[in-house]
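You will see two complexes here that share chain A, one where it goes with chain B and one where it goes with chain C.
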Partner chain A sequence: MLSALLTLSGLGLIAAAGLAVASRVFYVDVDPRIGTITEILPGANCGACGFPGCGGLAKAIVEGGAQVEYCTVVDKQAAIAVADVMGAIYTESEKDYAIIHCDFPAGGVSEKFKYLGVNDCRAANLISGGPKLCSFACIGLGTCKDVCPFDAITMTDEGLPVVNMERCTACGNCVEACPKNIIDLAPKSRVVHVQCSSKDKGGAVKKICTVGCISCMACEKVCPYEAIKIIDNIAQIDYDKCRSCGICVTKCPTVSIVNRRDHDLVAEISDKCNGCTLCARACPVNAITGEPKEMHKVDSDSCIGCGICVDQCKRGAVILKKVEKQAAVAKVRVVG
Partner chain B sequence: MSKLLLLIISAVLVNNFVLARFLGICPFLGVSKKTETAIGMGMAVIFVMSIASLVTWILQEYVLMPYNIEYLQTIVFILVIASLVQLVEMIIQKVSPVLYQALGIFLPLITTNCAVLGVAVLSIQKGYGFWEAVIFGIGAAIGFALALVLFAGIRERLDLADVPKPLRGTAIALITAGLLSLAFMGFSGLVK
Partner chain C sequence: MIMKKNKIYKFSGGVHPPEEKLTRQLPIEEMPPPKRAFIPLSQHIGAPSKAIVEPGDKVKIGTKLSEASGFVSAPVYSSISGVVVAIKDYPHTLGRSMPTIEIEADGEDNWDKSGKPRADFGNLAPDEIKTIIQEAGIVGMGGATFPTHVKLSPPKEKPINALIINGAECEPYLTADHRVMLEMPKEVLSGTKLIGKVLGVEKIFVGIENNKMDAVDALKSALNDTEIEIVPLKVQFPQGAEKQLIKTLLNKDVPSGGLPMDVGVVVQNVGTAVAVHQAVALGRPLIDRVTTITGPGIKNPKNLRIRIGTPILDVIEYCGGLSGDIEKVILGGPMMGLAQYDLSVSIIKGTSGILLMTDDQLDVTSQGPCLRCGNCVTVCPMKLAPLVYARYTQLGMFDEAENANVMDCIECGCCAYECPSHIPLVQYAKYAKAEIQATRREKA
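Here is the complex of A and B:
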């Protein structure tokens, strides 16, 4: 009895003392900021940031290479607090989201063969590039949906993935998983996208898809910011230069460029206008009219809300106003 | 020498801790979703099990037996293994940050792994000598790591397979574990 008591408590004491000594001897200096930031972070250890728990993200922030925005849960207040700890100034950085560059028309693209294999795009792609006639088209087996950790991707009945902009955190899993490489990331403020990835020549595209890019160069010519270029027979938008003005959308003959904005913008000229004519000359769709030295007017029907006039006006007389999207004006896709 | 070799083979294949003795099932199912993490866990288990079997044997022989308090075996072993893992973790963090990174969260997780306690208790029950106990510990750990990595590999492939809906996830994992266990049963008779 006594020996048992003594042995066990003795062992316990030895272990405790050993650990106490070891924690001093083998003490590892850790940056105190890591602890502070860990406390500021939500503490849910959800792993959405890609690091093992909040502590992992805190460590990565302190050691560089990670931003507090990696955390999808953190609010602005906490982000500012983290910036304070790091001695940085908080600037709201823009979040990206995933764009799927394929939007085949209703009814889909014709198939080369019936695919009955493993229900995964990557597997299907191994068999002569998948079952779709267009070798650049979305295979539609939903691998991107399966790898999305945030349930941000849903599949339509026609087998096209749709990204939920609110839920997407731009983690890039789908970009990596897509065997056709038709997904990439764009800033959330950019709403004009090319919905085709085909590098085939115009004629070949036209035969198999009604909404494919036929590299007609119309968008490249019309873009006032030189943001859109035809490279390898496909229109590609440089999101750094693009201002989402949407002129290319109006010019595209196959409707392979779309504007995802949920409202329309219309320019409005206030009485600050002194009639300098700068805006009227800059307008790509000639929606602004007016005599020199007199107040100009915007024809709201032809205005596409590109905002070029706003940049041109030196007196701040032109502003963009949000208006309800006019469904009737939007081009309706011809299903064929 | 050949006896020790047989001991290893028996611990790794014939009496595999997970697939034949059904010890340490929790991490076997828990950390077998990716081969990468399975290897990390396997390494950590090999590390801890070897040291645990060594220390517990010494304790049994020089503390518990002389004082006739073998009935305290379980509680003493748990105490020792837990504090040992803590100590090892501290030392590794100081001495080799790279190894600490590689083992990561798995090291503290093993503290309460029943396979670790199992190897300590079993080697005492079987009346192994010092070296036999240590070799048995290492062999058992290698067997655990082998089973874990094999299982993780199969589960990675399963992700791509067309599994019937009701069986997806844990259900098919359990069936797979059962089949893997059956396969390992085939080794019985290899060592008497």
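Here is the complex of A and C:
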């Protein structure tokens, strides 16, 4: 009895000593901030930051070389919290969202064959480029929706994906998954988008799609900021230059460009105006009238709310006012 | 020398769909040349050839239209006499538009005189024969269209000791190879010997499924030596697939990811053998082929010798037009052929058949869940488990699909044919292969 007790106690002591030594020798110094930041991060492990999951990013933030902005998902509050943990000051940067550059109404693009195969755009694309007659068009089997970790993409009855701007975090999974490469990311403040990706020539597009870009150059000619250019037979917007004025939207004959703002803007001139005529001369649609040295007026029906006059006015007399979306603009399909 | 009778082995799996060889009794007819021929620059696996004619050029039958643009490439020749109208993108049987030479016929149908028959073709050296084959633009006529001269140029470390001529024609409906063996046994055997001479092989087999015993007899009676062995084979799809044919005749397994040359074998189609004979003995480049036009959707099914570049619509018209509601048009056989959505595509070197299916012939039941019955595993001739890689593919787990050996899939379609849940297993395999290859390219 006693020998058993002594043996076991002895063994216990030796093991305890071993553990005590091991805990010193093999001690791994873990920065507690990594755990805290991992808690703050969304925990979706989407991989958009380029690190292996949220823990990976947290480690990279603490060890330097990574910013919380690498995570496309975090909201402002979480970003401030991370900055607090790191003892830094948070500066806001603009968030992107996914834009799908194809949007045709029901029956807008015909099909070249009945597709009965695997329900995945990437698999369908291997068969003669998918069932749509336009080889650049959205196949519509919802692979982008399936890969979205935030449920930000829904499919319409017409079989087209729609991005929920609020939910989209610009993780880029859909951009990578789309076999037609028709999804890309744009800053959330940019609301004017080309809804076509066809690199076919104008005549060929007209034959197969009712709303395809026919590369007529009307948008390129009218853009005051040189932000929209026809490259490879398709209008492409440089979002760094684009100010979302929407002039191109009004000129596009095929409604390939849309303005996603849910309201219209109209310029208004206050009594600060001294009649310098700068705004009237700059207005691309001649919506501003008035005699020199007298207060100018805006014709709200023709004003497209581009805001060029606001930039021109040196006295701050022109402001943009939100108004309800007008029927005249209803030809532009509202999406998202 | 009397060769020992070869033992017949068995490959595992396979299916036996209804044979439906509607045209087996119909002799090969010569279809008149088309008014317009559309000859794609790419009719083979490998780099597309480069056009050497321009719009406005006058061409005759057998005028060279393009030059091979590499070793794995093949030239194309004019199949009619006339004028080159345009070189632009036209629909191709692979499902996308590709550069194609359009020729308008002048109605004279004259031959280019540059190719001359060789009376002494038996004395040509192996390398000379190979050069003639390469020049004539001959590719695998069974449908795979791999340039023949490449198969005939194995690297030195892989000696070839057996040649198999593939007359299995295991696809249902198709009878083109059958008729070629029946009507042109001498040409088949002559081409076979020429290919054998290039490879310097001792053993030559012609494998024919035993539903074509008349073809076996025809070849046997045309045979006047014992160099070549004509072997009847069990009717089992895919008996005509290279690896299965090698297993059946030689009991050799081509290693995973390997080629027949890894086990010292080259397999060539009977149509290729005829093309080789015509190129070497008659000095005639590849300008036409025998194709079966069949299925319930055509008025008069036929075996036709058709000029390459003939639009399929012309061929359908020549066969009396369509009958019934056509639901699907397949180029090749029903198991492995490619469905077409545009009938303006034209006959290319690899078009072994045109199959017109009406809707009562097609099963368009939508896909159900996998029952894990294992039918696909039982019938897979490559001993794979299609249900496993299909599921991995569905989940986007391509590394796991690769570990399940999806790259060894020969896309024969046995699994999808047997699947009681109508799961498009072949499409899953093709999709997984495309994704895995894309990843490999990225890594490289």
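Heads up, the rule we're going with is that the second predicted complex is superposed on the first by the 252 of 336 C-alpha atoms of A that agree within 3 Å, B and C clash if a C-alpha of one lies under 4 Å from a C-alpha of the other, contacts with A are read in each partner's own complex, and residues count from 1 in each chain.
Heads up, the rule we're going with is that a residue touches a chain if its C-beta (ideal position, glycine included) is under 8 Å from a C-beta of that chain, and two chains touch if they have at least 3 such contacts.
Worth saying up front: this structure is predicted, and the values here are computed from it rather than measured.
Chemist: With both complexes overlaid on chain A, does A:P52 touch chain B (first), chain C (second), both or neither?
Modeler: In the superposition, A:P52 contacts chain B only.
Chemist: Quick one: is A:K112 in contact with chain B, with chain C, with both, or with neither? Answer first, second, both or neither.
Modeler: second
Chemist: Would you sort A:G129 into first (chain B), second (chain C), both or neither based on which partner it touches?
Modeler: Once the two structures are laid over each other on A, A:G129 reaches chain C alone.
Chemist: Counting residues of chain A touched by each partner, does chain B or chain C come out ahead?
Modeler: Answer, by number of touched residues of chain A: B.
Chemist: Just to be sure I read the superposition right, which of the two partners does A:D120 touch: chain B = first, chain C = second, or both, or neither?
Modeler: In the superposed model, A:D120 contacts both chain B and chain C.
Chemist: For chain A, which residues belong to both interfaces, chain B and chain C?
Modeler: 118-120, 123
Chemist: Which bits of chain C are touching chain A when the two form their complex?
Modeler: Touching chain A from chain C are residues 94-96, 339, 341-342, 364, 366-367, 394, 396, 424, 427-428, 430-431, 434-435.
Chemist: For the complex, which residues does chain A have touching chain B?
Modeler: 3-4, 7-8, 11-12, 15-16, 18-19, 22-23, 25-28, 52, 118-120, 123
Chemist: Residue numbers of chain B touching chain A in their complex, please.
Modeler: Listed in rising order, the residues of chain B that touch chain A are 59, 63-64, 67-69, 72, 75-76, 79-80, 83, 86-87, 90-91, 93-95, 97, 104-105, 160-162.
Chemist: Which part of chain A faces chain C closely enough to touch in the complex?
Modeler: 112-113, 116-120, 122-123, 126-129, 135, 147
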